[in-house]
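Look at the two complexes coming up: subunit A is in both, with subunit B in one and subunit C in the other.
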Partner chain A sequence: MIEIIQLLINGILLGSILALGAVGATMIFGVLRFAHFAHGDFMAIGAYFALTVVTVFNLPVLAALPVAMLLTGGLAILIDQVVYRRIRRVQPVILLIASFATALVLRSFIQMVWGSSNQVYQVGIQLPWRIGPFTLKPDHLLIFAAAAGLVLIVHLFLSRTRMGKAMRAMSDNMDLALVTGIPANRVIMWTWAIGGALAAAAGVFLGMDTRLHPVMGWTLLLPIFAATILGGIGRPYGAILGGLVIGCAMELSTLVIPGAYKPAVAFAIMVATLVFRPQGIIKGNA
Partner chain B sequence: MDMAGLSAYAVFFLSLVGIYAIMALGLNMQWGMTGQFNIGIAGFFAVGAYTTAILTSAPAESRVGGFDLPFLVGLAGSVIACIPVAWLVGRITARLRTDYLAIATIGIAEIIRLFFVNESWLSNGTRGIPGIEKPFGLGNNGYLLIIIAFVALAWLLVEIARRSPWGRVLRAIRDNEPATAAAGKDIARFRLQAFITGSCLMALGGGLYAHFVGFVSPEAFRPLYGTFLVWVMLIAGGSGNNLGAMLGALVVWLIWSSTEMIAGLVPTALIGSESAFRVFLIGVLLQIILVSRPQGLLPEKRPPMPGEKR
Partner chain C sequence: MSLMSAEALYAGYGGVDILRNLHLRVEADEIVVIIGPNGAGKSTAMKAMFGLVPIRSGAVSYRGETITNQPAERMVSRGIAYVPQEANVFPSLSVVENLELGAYVLRGPNGPRMERVFEIFPRLKERRHQQAGVMSGGERQMVAMGRALMVEPTLLMLDEPTAGLSPRLIDETFERIRGINQLGIGVLMVEQNARQALAAADRGYVLATGENRYEDTGPALLANPEVAEMFLGG
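Right after this comes the complex of A and B.
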């Protein structure tokens, strides 16, 4: 029982990282109608931006977080304007291939600039807190709090601002939204900015929890897509729920199968969703 | 470089072009003709390479096999082992949208890689399987002829398929799915057939590769080499065009090999890692092709209808 609760704590931690990635992926999927394969590498490059801020200015990680989010959001807009915008009208699948190329370009860029070995934000061991039979690292609490804060900000943005409502409208029904005169290009730019920034936050948290590595984001891409599909394409709230479910399922699965197969669990849930409820928990535009 | 060295390099170069050409033809069957977005090429490649490695290598204590079987049995095993894997993936995803197929195939490829890394009773784990011999005691030169023979065979098969009524149905599905369904075609079945055929070609490429390098390990099946280069080849050559797929394999492998030279010219301090720089260049190249010439070097041509004059 104690083991299960400990795994659940780890699962919620992984789940909040996945949720942040999945919210961006699902918005991009909803508004632009394609699975963005470079999303994991946005996470990685965000984490490395933060690493540079941490090492150059000697700041704590949380202070570097906004800088990393801003830079990654800007990078996402830049990539969209240079590459994706030109092929948006051709075919969604061409965008998919282009995003695959973007993923590799970003990853090799990381290897060229920061090297391909493991890195950490802070050297040294952080003593975990012992609360009864459970262990919790101070970093974990920070990640929970920061992730919850970001989710709240996204919620307020989507529900209270004109741009957030326009974004949801475009994701719900593109034609209807365009007819009502929503500025499509601005919505798309905002979508990239928010998707990139949230991915960067997820990457920084992942780097705090484990370590930085050029393929750190790529390995989480599959669980993120699983969360996106489970939550319903284009549904940010579904993506948060999906991320938490997938995170907990991946951690709990280590009770019965070897830990190396965690991605397979996410994949199995995704396939089950596609077969039995392709629209997701919260009905998305499948 | 002297003449002998040059010709040895040419043989090495052409062998890999041939192996990639077979995989590009397989992808052309899936993407070029049917519009199925498979980015799990590395997975099918790995299944092919490992199957023949286990079947034909000498017996080893640390894992199942090897069975010391002949080359052609090993290759046949590669193709046959791929069928159930491809059937499973195709069956799950045949009715789904392209995006979902893409995500599912990348998942399958990752799981296949994890499987070969972790199940060392079968694959010898990260140490890989060494000692996969070339057939009939051939050297690199002789083996190149075998590869060329298989490329010719693969091309003949996909070209016949492309001109056949079956190929017409695939293109119809790609271009207008509802109309094809209205014409009474079982779309899921045709898609499944095309997916399995294409995947088997990829497994064949994997089998030929294993015998060419003599060693397989999970490292060789990262998404880059297995999947990405094949995609660049098909898109650059012209998807839908079988000659284009093979031309793309030649051109892209030439560019990929020459990036090694470019990377050698730029000081390492500037680019950090040579291999990363090469990937960077090839990624940028793909973006440029997609933006400027999405139809590729040899655009798709519709085969003549029966009885139609050329």
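Right after this comes the complex of A and C.
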């Protein structure tokens, strides 16, 4: 029982990281209709941007977080304008392949600039808190709080602002958004900015929890896509739930199978969702 | 000067002309109906005029200004609102959000505009927090029309506003459309319920295979035996 609760705590932690990645990926899918394969590498580069801020200015990671989010959001817009924008009108599969190439380029860039060995934000070991039989690192609480804060901000953006509503409208019904006079290009730029910024946050949190290395994001891409599909493709709220479910399932699976198979668990859930409930776990159109 | 007119339009999808030498016009205070068999090009005519289907030759003008092939955003800013035949609401958005987005191109508060829409469709006010996707067909049509009215249009283009509605709701919809027209909004609509639509309209066009067949006042088209036999089911 104690072990299960400890794994659930870890699962929610992993789940919040997945959720932040999945919200962006699902919004990009909703608005642009393609699976963005470079999303994991957005996470990684965001984490490294924060590393630079932390080491150069000697700041705590959380202070570097907004800078990393801003830079990655800007980078996402730039990549869209330079790479994706030109091929948007052709088949979605071309976009998908282009995003695959972007992923490789970003990863090589990270290796060139920051090297390919493991790095951490803070040297030294954080003493975990012991709460009864459970252990929790102070960083974990920070990650929970910051992730929850970001999710709340995204929620307020999507439900309260003109641009947020336009974004949901475009992902709902592209043609109708067009005839309503919603400016597609502006909405697309905002979608990249937000998707990139959230990916950066996910990457920074992952780096705080574990360590930084160039493929850190790429290895999480599959669970992120699994979360997106589980939550219903194109649905931000579903992606949050999907992220938490996949995170917990991956951690809990170590009770019965070796930890190396965690990604396989995400993959199995993804395939099962596609076969049995392709519209995702949430009912209705939410 | 007509509110909107199409002259000698040739337009279609991927190089194949669906519309051939199409002429249409709507005056400022009119209700104009387009009828015709399935596949006649009625929806294509509306889309071409609204800039959604490329026009190969011919001209569309609005209040004397040429607007051929202009993007939808510009059409809406000019005061032309279009309600497509299918998928004409944002299903995961609430009624209020659907309406708010209708006024996306306008500045200023949405409150008064929404109140005006609620006056026309009181039912929408009752259900304003409902998701549009779970509403009945009749209510969805109200959301769709309400969304278009939010931009305070001078011309409302409706593609089959009574499709799939019960006879009672069909009557009600035509009643509403007349009410909207009396607010000074020109209406151009495509209709399958041709008899009722012509009865509600000032003028009508009969389209077949992308060409004009007949054009007359509503009552005259209803009384025309050829039209009645070929297009109104005898």
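Note that in this section the second predicted complex is superposed on the first by the 282 of 286 C-alpha atoms of A that agree within 3 Å, B and C clash if a C-alpha of one lies under 4 Å from a C-alpha of the other, contacts with A are read in each partner's own complex, and residues count from 1 in each chain.
Basically, contacts are C-beta pairs under 8 Å (C-beta built on N, C-alpha and C of every residue); 3 or more make two chains touch, one makes a residue touch a chain.
Keep in mind it's a predicted model, so treat the numbers as computed, not measured.
When both complexes are overlaid on chain A, the residue A:P278 reaches subunit B alone and has no touch with subunit C.
Of the two partner chains placed by superposition, only subunit B is touched by A:F225; subunit C is not.
A count of residues in subunit A touched by subunit B and by subunit C gives the higher number to B.
After overlaying the two complexes on the shared chain, residue contacts for A:I182 are found with subunit C alone; subunit B is out of touch.
Contact with neither subunit B nor subunit C is seen for A:A197 once the two complexes are overlaid on the shared chain. In the overlay built on the shared chain, the residue A:L96 is in contact with subunit B alone; subunit C does not reach it.
In the superposition on the C-alpha atoms of chain A, the part of subunit A touched by subunit B in one complex and by subunit C in the other spans residues 286.
On the side of subunit A, the complex with subunit C involves touching residues 162, 165-166, 168-169, 172-173, 175-183, 235, 284-286. If you check the complex, the residues on subunit A that touch subunit B are 29, 34-35, 37, 83, 86-87, 90, 92-94, 96-98, 100-102, 104-105, 107-109, 111-113, 115-116, 218, 221-222, 225, 229, 258, 260-261, 263-264, 267, 270-271, 274-275, 278, 286. Only residues 35, 37, 39, 92-93, 96-100, 102-104, 106-108, 110-111, 114, 117-118, 223-224, 228, 231, 235, 271-273, 275-280, 282-284, 286-287, 290-291, 294 of subunit B touch subunit A when the two sit together in their complex.
By the touch criterion given at the top, residues 50, 52, 72-73, 75-77, 82, 84, 87-93, 97, 100-102, 104-105, 131, 133-134, 147, 151 of subunit C touch subunit A in their complex.
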